[in-house]
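What follows is a pair of complexes built around chain A, which joins chain B in one and chain C in the other.
Moving on to the complex of A and B:
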């Protein structure tokens, strides 16, 4: 193996351990998604709540901010003391890191909705729940998605470190590479899929985000329709 | 229909936005609340659909106390149009128009029918129903805003400076439209504005407010001829008070008989008529003298090669005034739109007459030189 260059070694590692890399890739992705999903379940209602009761907003966002400042390795270590080794500890860490972007985006998304829309909705006889479901949520959906997008990209990075406490995932392959002599190719075999996962998640959620934006979504259709009307 | 008795709104800190307001509005009336900013006109309006709760006093509609009604169902029964239009950007025009019916849980067919029927009222094509608000111009959006307030057959419609953000020409068109709709559908409209011209043009009665108090609540004519105090006089503006006196004339007094041509005639006939009568514009009418359009020299030259019938060549979108309109309003319209002349029609859209720029010159001549002749002759008599 030592007579091959790094790139050849990298390809060789893949051809020999393809299934293993794929399994770790999937495990890595799922840990990130579970954490973000949990954070969304908690964070979105919390964001809506603090948008309605502004007095709570400062307090909740400060707490989420403080969690965000703790270094990933330290947070994992602290959680490990109470929860032990394994996947669930990393999921909790991802959950905590995802709270801030999700809460903050939900809050700004709802706060930034044009007050006149809420006013005309209320003036036409919408109840508070109807204002939420018919105006506020549909209009802030793209901003909320942007929060989930940021959270998921961060989560993929945090999960990579999670390998230190035995959660598996692509971080496992990276650690294996750092422990081996001349392990560059193995490190790359773990790092490149991690990076690609983050990039693709970002791009795909970016597309979804634009699709959900009520203004941008219809801008594209505008020009041809208006022209055809003039004809 | 609507009665406000001793209604006050006092904010924390003792600021009185509305102070002991007492008015009564009849069914089918068009009432304008007018005043400077901070006069309490918008607060007064928003208390009617309970977007703001009055501190004191009672508001009744058809004898029912509004404070005892559920605010949500009350608002569904009152149309509401705001200056910022407030169309939902994520809903199609159809969904926007039928938003209140949706809240009232109407069936889909009934909602579709309503949307299709309503969009015809404001002269927009049916395929606009599937567009989104961003794809429409500001004026078109506010037309939809008005329709939204009519969709659930609301009898009472509140408008908070609905045309404030529009350019003058669009505003003029929409004013005509809303006045026409109000009369045709028999709605009661309460309208907040700070534009005196708009109030005089549209309202049956004007409620002038200042510092939360009603200063004068009367018809435009009475307000112009008998302003209650100096504030009202200043608010109306001296030019309007002067204008009002000599030109109490209506269009019927000055209009001339227009040259018409019937719908089925050919373009050759039209040219012959023009030459014979020495005019450059012909008004196209049907058998019952209903105004259908107009045809002028420019239009004829352009259309001559394409068609030979008057009905194809005529201009269908034309401006007109109803008989009984004050002369000064039609003059304003001729000048604003840069028209050569303006036809006068009756309620059934039958052509009655024509006011031209030459007519107006005659009137100006009469008012300026006519008076002077009299005064000169008076002086001579004294000598």
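Moving on to the complex of A and C:
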């Protein structure tokens, strides 16, 4: 092996272990997605709630902020003491880290909606639920998606560290690389897919975010109508 | 509104798809969980047991990798985070988990460890896989030639000038740790650096260390052409390697026990060195090394069941 350079070793590694890397890639991604999805289920309603009852906002955002300041390795270690080793512990860690971006973005998204829109909704006789579903949520959806996007990218990084408590995923390959003789290629074989996963997740959710943005969506619809008027 | 509905539908279907993936089965009693350490050897054996169990039974096997030491492994077993340890060594567990005095005789050590694990932890310490992973001091070929080193006693006069890199879990070990080593051989090194075991071979090859304490089955001994010094005073106790499993699991699933037993006595120290070498030097993942080895041996199917 020593006659190959790192890049050749890297390619060789993939040709030998391709299926294994793919399995770990999938496991890694699923852990991240699970954690973020749970956080979305809890975080979005919580964000809506604190947007309505602003007295709670400071308290809840402070708690989420405090969680965010705990280093990932420390959080995993603390969780490990109570939850043991394995995937579920990492999922909980990802969940906790995802709370802040999701809650905060939901809160900001709803707070920043033009008050006039809500007033006109109420003026039309909408109930509070209708205002929420027909005005507030659609208008803040892109901001909420931005929160999920941040959460998922962070989650992919946290999951990589989760390999230390036996959760598997691409972090496993990186750790093995640090233990092996010709480690560089193996470390890269774990690190590059992790980075790519984060980048692609970011790009794809970025596209979704832009699609959901009411301002940009509006432009797309209006442009052809103006043209048709000219005709 | 349409977008909202779309999003809700997408989220809901995602949730369904994800929950269908059963890898995160929450049923603790049902899954076989194999714990392995960071070492390549532990990883290979863990995967081998996993493949054996999957080959002979329909069990769902989960791996818990990268645990720091056999003490962590032991804790994980006691806490119920895992129910099989891929590799445990008689010498390590005798002084580590069991807190007994080290025994120099391999057979006595094995018998005592097996008995005590049954009594104290309700766990079965199987017979050895067939290899022993003993600690040994090793130097580069150049150093060996320069000082004419063959056995550990040869170090006596030059040890004062040597920097030694050793396994961090060995330094403070009672009974066969560094303190006792100094007492037994009557010399100590200039500096002793506790390191992660995986790094000592590289440190030696890169001349960062003059001498290191490593494992005899490590594939890197061959790949770096290192010289293993003979333990002429028989200071290091035997470290025969065995799988360890929780009795409850073995009683509930006798098939699992049979699958593990098929590996007993099948892998020699040389064989293990070769497997480690494949993983460490040839960049093949332990999971794949294990698979190839088992496929080559036809999952030890020819062996008659007792």
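The rule is short, and it goes like this: the second predicted complex is superposed on the first by the 225 of 231 C-alpha atoms of A that agree within 3 Å, B and C clash if a C-alpha of one lies under 4 Å from a C-alpha of the other, contacts with A are read in each partner's own complex, and residues count from 1 in each chain.
Throughout what follows, a residue touches a chain if its C-beta (ideal position, glycine included) is under 8 Å from a C-beta of that chain, and two chains touch if they have at least 3 such contacts.
Given the structure is predicted, the values throughout are model-derived calculations rather than measurements.
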item	value
When chain B and chain C are modelled together on chain A, clash or fit	fit
Which superposed partner A:138 touches (first chain B, second chain C, both, neither)	both
First (chain B), second (chain C), both or neither touched by A:123	first
Comparing the two partners chain B and chain C, which touches a greater set of residues in chain A	C
Which of chain B and chain C A:9 touches, first, second, both or neither	second
Chain B versus chain C as contact partner of A:33, first or second or both or neither	second
Lowest C-alpha to C-alpha distance for chain C against chain B (Å)	8
Set of chain A residues, in rising order, touched by both chain B and chain C	134, 138
Chain A-touching residues of chain C, taken from the complex the two chains share	1, 3-4, 7, 11, 14-15, 18, 21, 23-24, 26, 33, 35, 38-40, 43, 62-67, 76, 79-82, 196, 198-199, 201-202, 219-220, 223-224, 279-288
Of all residues in chain A, those that touch chain C in their complex	1, 9, 12-13, 16-17, 20, 27, 30, 33-34, 37, 40, 84-88, 91, 133-134, 137-138, 141, 163-166, 168, 172-173, 175-176, 178-182, 185-186, 212
Sites on chain B touched by chain A in the complex	49, 51, 72-77, 80, 82, 84-86, 88-90, 99-100, 103, 125, 127, 131-132, 134-135, 148
Residues on chain A engaged by chain B in the complex (per definition of touch)	114, 116-117, 119-127, 130, 134-135, 138-139, 214-215, 218-219, 221-222, 225-226, 229
